[in-house]
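Pasting a structure below so you can have a look.
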Amino acid sequence: MTTVATTVATQKEREVRALLRDLNDDYAVCLDDMELARWPDFFEEEADYRVVSRENHEQGLELSALSCTGRAMLLDRVAALESTTVYEPRAIRHLVGCVTLDALEGELCRARANFALYESLSDREPHLLMVGRYLDVVSLAGERPLFRQRWCVYDNYRIRTSLIIPV
Amino acid sequence: MTPAAQSSAAPRAWPEEAARVPAWIYSDPALFERELEVFHHGATWSYVGLECEIPEPGSYKRSWVGRRPVILVRDKDGEINVLENRCAHRGTMVCWQNRGQAKDLTCPYHHWNYDLKGNLQGLPFLRGALGKGGMPRDFDKSAHGLRRLRVERRGGTVWASYSEEAPSLEAFIGPEMLACIDRVFPANRRLRLIGYNRQHLPCNWKLYFENSRDPYHAGLLHSFFVTFGLLRTDTPFRAVPTEGGRHGIMASTYSPETASQQNEVTQQLTSWRPDFRIQDMELVKPVDEFGDSSMINLSVFPSVFFQQHGNCLAVRQILPKSQSETELSWTHYGFENDDPAMQARRLKQANLVGPAGYVGIDDSEVLAQLQPSAEKLPEALQVVEMGGRDTGAHETMVSETLIRSFYAFYRASMGL
Amino acid sequence: MTPAAQSSAAPRAWPEEAARVPAWIYSDPALFERELEVFHHGATWSYVGLECEIPEPGSYKRSWVGRRPVILVRDKDGEINVLENRCAHRGTMVCWQNRGQAKDLTCPYHHWNYDLKGNLQGLPFLRGALGKGGMPRDFDKSAHGLRRLRVERRGGTVWASYSEEAPSLEAFIGPEMLACIDRVFPANRRLRLIGYNRQHLPCNWKLYFENSRDPYHAGLLHSFFVTFGLLRTDTPFRAVPTEGGRHGIMASTYSPETASQQNEVTQQLTSWRPDFRIQDMELVKPVDEFGDSSMINLSVFPSVFFQQHGNCLAVRQILPKSQSETELSWTHYGFENDDPAMQARRLKQANLVGPAGYVGIDDSEVLAQLQPSAEKLPEALQVVEMGGRDTGAHETMVSETLIRSFYAFYRASMGL
Amino acid sequence: MTTVATTVATQKEREVRALLRDLNDDYAVCLDDMELARWPDFFEEEADYRVVSRENHEQGLELSALSCTGRAMLLDRVAALESTTVYEPRAIRHLVGCVTLDALEGELCRARANFALYESLSDREPHLLMVGRYLDVVSLAGERPLFRQRWCVYDNYRIRTSLIIPV
Amino acid sequence: MTTVATTVATQKEREVRALLRDLNDDYAVCLDDMELARWPDFFEEEADYRVVSRENHEQGLELSALSCTGRAMLLDRVAALESTTVYEPRAIRHLVGCVTLDALEGELCRARANFALYESLSDREPHLLMVGRYLDVVSLAGERPLFRQRWCVYDNYRIRTSLIIPV
Amino acid sequence: MTPAAQSSAAPRAWPEEAARVPAWIYSDPALFERELEVFHHGATWSYVGLECEIPEPGSYKRSWVGRRPVILVRDKDGEINVLENRCAHRGTMVCWQNRGQAKDLTCPYHHWNYDLKGNLQGLPFLRGALGKGGMPRDFDKSAHGLRRLRVERRGGTVWASYSEEAPSLEAFIGPEMLACIDRVFPANRRLRLIGYNRQHLPCNWKLYFENSRDPYHAGLLHSFFVTFGLLRTDTPFRAVPTEGGRHGIMASTYSPETASQQNEVTQQLTSWRPDFRIQDMELVKPVDEFGDSSMINLSVFPSVFFQQHGNCLAVRQILPKSQSETELSWTHYGFENDDPAMQARRLKQANLVGPAGYVGIDDSEVLAQLQPSAEKLPEALQVVEMGGRDTGAHETMVSETLIRSFYAFYRASMGL
């Protein structure tokens, strides 16, 4: 891929970046709305989805707090959340920003975005659950852009109690 | 927010009734401090890390013994030292990085310099500058090193103790538990570090211990386990307190053939979801790598659990942070000659445990619902009489013997 | 952040001087704990909800008695039960939803199952599995239900008590206050739930009680009230301590004719803003639905205020969370046969009160400025001698009699 | 209205979404700048403005923490804040994101956005006051888009001390 | 300069605003990535960079917590961070939003944006370090937009421990 | 989060060994409360602001004496009054703005009104309304003013004291320190306010005092200082405890000629970065405006440091907030006739200090690493014997005499 980096963005690149902003917002809203059934639809069949600590990521350690390799595992995660997982009711609220297009080659691009996640438990004020950065590979081949890879690298040293809803 | 916890000057009395635990032990800050002194900083051994985390001379990582910060460092002789992370001068943390490589340790504040065994090697202006200042002539460098703990290793695990009175690590762990630990750290295989999970639980550390020594809940709370037969109440199970209740062994049996059978026992499993299916079944189809169909969860008090859920191998360090806060620090490992399929399998099955684990979530969520009720109702009693009121080894999941034996040991140690 | 509050082993002495309140009562954590035991968990009645919130058999909601979590549930007989939200097994909160519909209650941890009266109906593996484990033969299910509180209802309100010694609700509230409460819960009208407001105040719960029993501030702090004549210092007013100061009635008179008159009294109202106008005057033009031109604020110690500001009807539950934190939980209601205009009017006038209310803001902002000064100057004294030093009923807004009577009652109860 | 949902966005929809992002940012800045006098200008005459808890909203309960039905009430709220309300000085800071266009019909659209509000009191660090979601009906008929409806549904169980500046 | 304010935005203004959004995101990512060496490249030679409290700013007091007048001082700040400053390792995460174009004249514009900074120390959860507003003067003359002025006015009464990475 | 700090009923014993400081003094909440009473609210003087901050009659600003909030206000006679910011009625903070202009002070709660000397001028409904209510006839307005502290000024600085027993400000500061202070507040120059920096440190206030009275660290921790020769261990230096250790003078010498010289002393400076260069050297090239090549840091216990680093002049108020939290409030100033170059120079050099300062960062980061280790290892000892074990004046940077003398004074005052 060509690295976009600090060079001047082309018109095409600016358009893709706008597309990525829409994609990121749509993705976040899907989760905030707890429409988990729609979540796997943001991914390609060969999805590589991970929620991983900065600690593991920077040391090149493979472990994730949560990982789904392939759409089947995305669907399984949703199914389990709806059928077996026991958890206190809560609302999740995303803010996503600082979307960057890092490389663009043909119909594939490498992109990133910052996220902040706020969690509101059933009888408390909201708190900051997580901040971090999405590391994405997005396919632009179809009529809607789809994630081939979405790694959610969180800055937290520790996860606060539980991570239930995907990031 | 923890409500102002009562910390009675006069210690409260343990209830008379058998098989009862009073809720006030989970919220009293003075009791918490005493527990740390008696257990974690006392005549015990604490797990602090794996050898493979600090592979080279000069490799170090930070860890904890109880609530005290320590540095685990391999010196140039290949020895592992565990040093308190507190400068002997004015007390600054010497090491500010969670891990790294070092030739020596220099405190940032005044650059006192220590070797990797913790000895004070030098300090700036020991003899002053231009004839003025400097340390007193009788200043003895050898008396001002970093505090160094006793260290023992076994099968790639590293342990430390503050106590000269503590028995050897082997004696402390005891033969029955040692055998179980050795099983998941086989002598002929080198460990491969897979990564960490770190989790902050809003509960007292003993509530976590109870949870992880409680097979009764496993088959009920954890629908996911139950539904896929990873844990079955009707297959052979051992709940074995060792060393007078200090430690505890839980060993279950997994058989792919019977994993989804229904019978009179499973009918009592209100959490069985017979029509729940997943698509990627590899997650719940472990390979029997130790050849005994066993899955284990070993409680080595006060610092650690060793767990093997299918092919997911992990060490879980328990770090008490306050009377109402506990950190879990999970180190997942495999073996150097794992083939790619096994590497992938371990990663996939890691989705079962930890802060986002299919069964891990259930536990952290329940514990978050336990602490507030313990704090708001400190005079309430927990009832732990499933499986009887004794503290012996039981061969069933429907028993709280490991909790009862834990408190027998706890009360004896704490004089409660 | 609350600075480390002093909690003297020896209780401090109340000042000798009449009509003085010492600031240390607002920050001492041990005193706070004792207040909860004496008052909220003692021989008193706490408001816990409205019947219309749990209309059907199986309807439930969570609530609080003092700092203890409870479940308010209507069983299949239509009876309302108030159960402590703590599993009799190992203490988990049984109910994790703020409200809902249930046939029974099952604890998530080990699936102990309770009926809607709190009786333990069953527990998994009571008799073990495959002949192993299970509860001791003498385990008595009837002794391990959810703790059930005394319950009484009146006019659609529901009350609970931990105490067998507490008198009947009617006797506890007393006749004078009962009449005032009955007025806003008329026997012939069914309640309609309008919604909740919840607010977290960074102050001791007694500061909130003082504020809400203090007519003196109402005509001064609340410019909005004053400017639109919703409260006038020159119209008939009653400040009536009842039951020895435990409860307190405040009743004012509103008349649309005189609402904007100026006279010798209003000239002392430094907060009168004669040229402040609003465009939507319906907000400040209530309809006299009870036919007595009255507006009320009733303090029923220790748990609740009932208020009627114009056509805004609300119950305000006071939930002490720590010595420096108080939650207000407002339930707004109307009546089933409210016409659309009245429905709209209640909603519009709700803008007066609560965390964003035209007058509500003033109070929460003042209270946020009171707690820090109480914490930083614990030896300071509050002066409460407006209207004299007695504790009788007064017919004026410029009196602190309801605060003095409150502390007379408080000191007697607490032995201070 | 036609629901936009997960379908592929048309060019027109992407333009409206961009317009909504500008609108949301302008609105937030107006409040952060404490230019309260300009705040009612973001609304149509028949404005339906509410700040309401998720608890009430999800149960279909009508009560709001703050409600203005019609421009007159918006103006009154501003007037009271400037003339009668007693409160500790503070700064409010908005972050608004995840803007979505949910339905578009003629010159009316249904849209949403996430908000986070930070409050800085006069002698303390900033804290998170509120997170939630705007539920909007926006009229695109005039030269500037205007809110016909703006419901601010907050995730908080409780409001921290006071809610003074509109959301 | 012409004040853009509440008037209807022209097509040109909307394009510049989009450009400013990209600029703000690129800038934030540069810092979050700790690519400090690239940071001065966002500025013109005569850069006026300040991190200043709302307290000082509103009273017209000149003191900043950190100030760089001219590119040389930007470079010096980076050099010192890399060579001499002693600090605990941490990750910084920006969210930037509410970008407004306040005035546009020729190839110079006055713009603003809201920022929130989260800091994750080496063994703790992330916390909110700072919120505030960028007050910018941006030159559009070159092939990339450059800051002539970037004042970071923070709402915090106090700074929490240390401010290490530029805002 | 501070772990539950132990606050022994019986005070702990100071270690016997010379030149040792026990770590528990940094985390004990009861000790912290006592320190405030003995020092800040006791027979001492606290710096509260500069005259130029409240230039006009009616100008006011808020400040602190210890943990107590005060208002600094200039009355119409031009006098400066320091008033406790607590209403004499029911204790609300009277003044809610950090600064401003006022003709009088009115409490928002019930509009009690005070003049700028703190006298209660009036209160609404003193005599009731329509013949009812009002204050008792014997209510004495003169006994219910805002608490007014003793005030003294010197060279544009303003000080306050709660104590009638405290000596005069001049005597409290003592002649040696006074001379140093007068130097940076020259009688013939009017002050110009440049601005504030405010910083929250997660450490006990005494750790900050130690840091700022410790020349030993300055030449080691602060690479930036060292590299540019702003502080050199080989140039004349004075570390002078005054008034029995209560205060402390640090004065160093800067010479542009020798600033970058290397020699036998600088070879011990492990933090010297010989190849580190900056481009804008004005930052590190101060002009010698006081004609003595001196840079100073003056500790006037318990409230303030005066500092002059090159041309950066600042007053640093130390505000203890809890046993583990300290606020630093920096006021930078210059002089009215500073030319534009000097104005720019002061602003540029301000980059050296404060929460984002080239050397300021080093200190706050180290202190953040000290408090946790003090809390987790309260029985550990700090070693302070650099430069000997005495408490006299030393003429070298490599000495901890100012810390030892501080603790000699501290122990005597606290009876420890």
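Letters A, B, C, D, E and F mark the chains as written, and numbering starts fresh at 1 in each.
Heads up, the rule we're going with is that a contact is a pair of C-beta atoms (placed from the backbone, for glycine too) under 8 Å apart; a residue touches a chain by one contact, two chains touch by 3 or more.
Just so you know, these numbers come straight off a predicted model, no measurement behind them.
Q: Could you run down the chains that neighbour chain C and chain E together?
A: Looking at chain E and chain C together, the chains touching each of them are A, B, D, F.
Q: In terms of C-beta pairs in contact, which of E-F and A-C ranks higher?
A: Output for the comparison: E-F.
Q: Starting from the Cα centroid of chain D, hunt down the chain whose centroid lies farthest away.
A: Centre of mass proxy via C-alpha means gives B as farthest from chain D.
Q: Can you check how far apart chain C and chain D are, centre to centre, with Cα atoms defining each centre and the answer in Å?
A: 31
Q: Compute the distance, rounded to whole Å, between the mean C-alpha positions of chain B and chain F.
A: 44
Q: Hey, how far is the Cα centre of chain B from the one of chain D, in Å?
A: Chain centres of chain B and chain D, defined by C-alpha means, are spaced 47 Å apart.
Q: Counting only residues that touch at least two other chains, what does the list for chain F look like?
A: 9, 96, 98, 108, 200, 221, 271, 362, 366, 369
Q: Any chance you could list the residues of chain A touching two or more other chains?
A: Residues 18, 86, 88, 95, 97, 116, 122-123, 125, 128, 157-158, 160 of chain A each touch two or more of the other chains.
Q: For each chain, which other chains does it touch, given as pairs?
A: Listed in label order, the chain pairs in contact are A-B, A-C, A-D, A-E, B-C, B-E, B-F, C-D, C-F, D-E, D-F, E-F.
Q: Can you list the chain D residues touching chain F in their complex?
A: Contact set of chain D toward chain F: 86, 88-89, 122-123, 125.
Q: Spell out the part of chain A that touches chain E in their complex, as residue ranges.
A: Checking each residue of chain A against chain E gives 6, 8-9, 14, 17-18, 54, 95, 97-100, 112, 114, 116, 128, 130-133, 155-158, 160.
Q: Which residues of chain B touch chain F in their complex?
A: Residue positions touching the partner: 5, 9, 29-30, 32-33, 67-69, 84-86, 88-93, 96, 106, 108-111, 124-125, 128-130, 132-136, 139, 144, 321-323, 325.
Q: Flag every residue of chain E that touches chain F in the complex, lowest number first.
A: 51, 53, 55-56, 59, 61-67, 69-70, 72-73, 75-77, 79-80, 83-88, 157-164
Q: Over in the complex, which chain A residues touch chain D? Could you list them?
A: So the residues of chain A touching chain D come out as 18, 22, 25-26, 28-29, 32, 38, 41, 91, 93-97, 116, 118, 120-128, 143-144.
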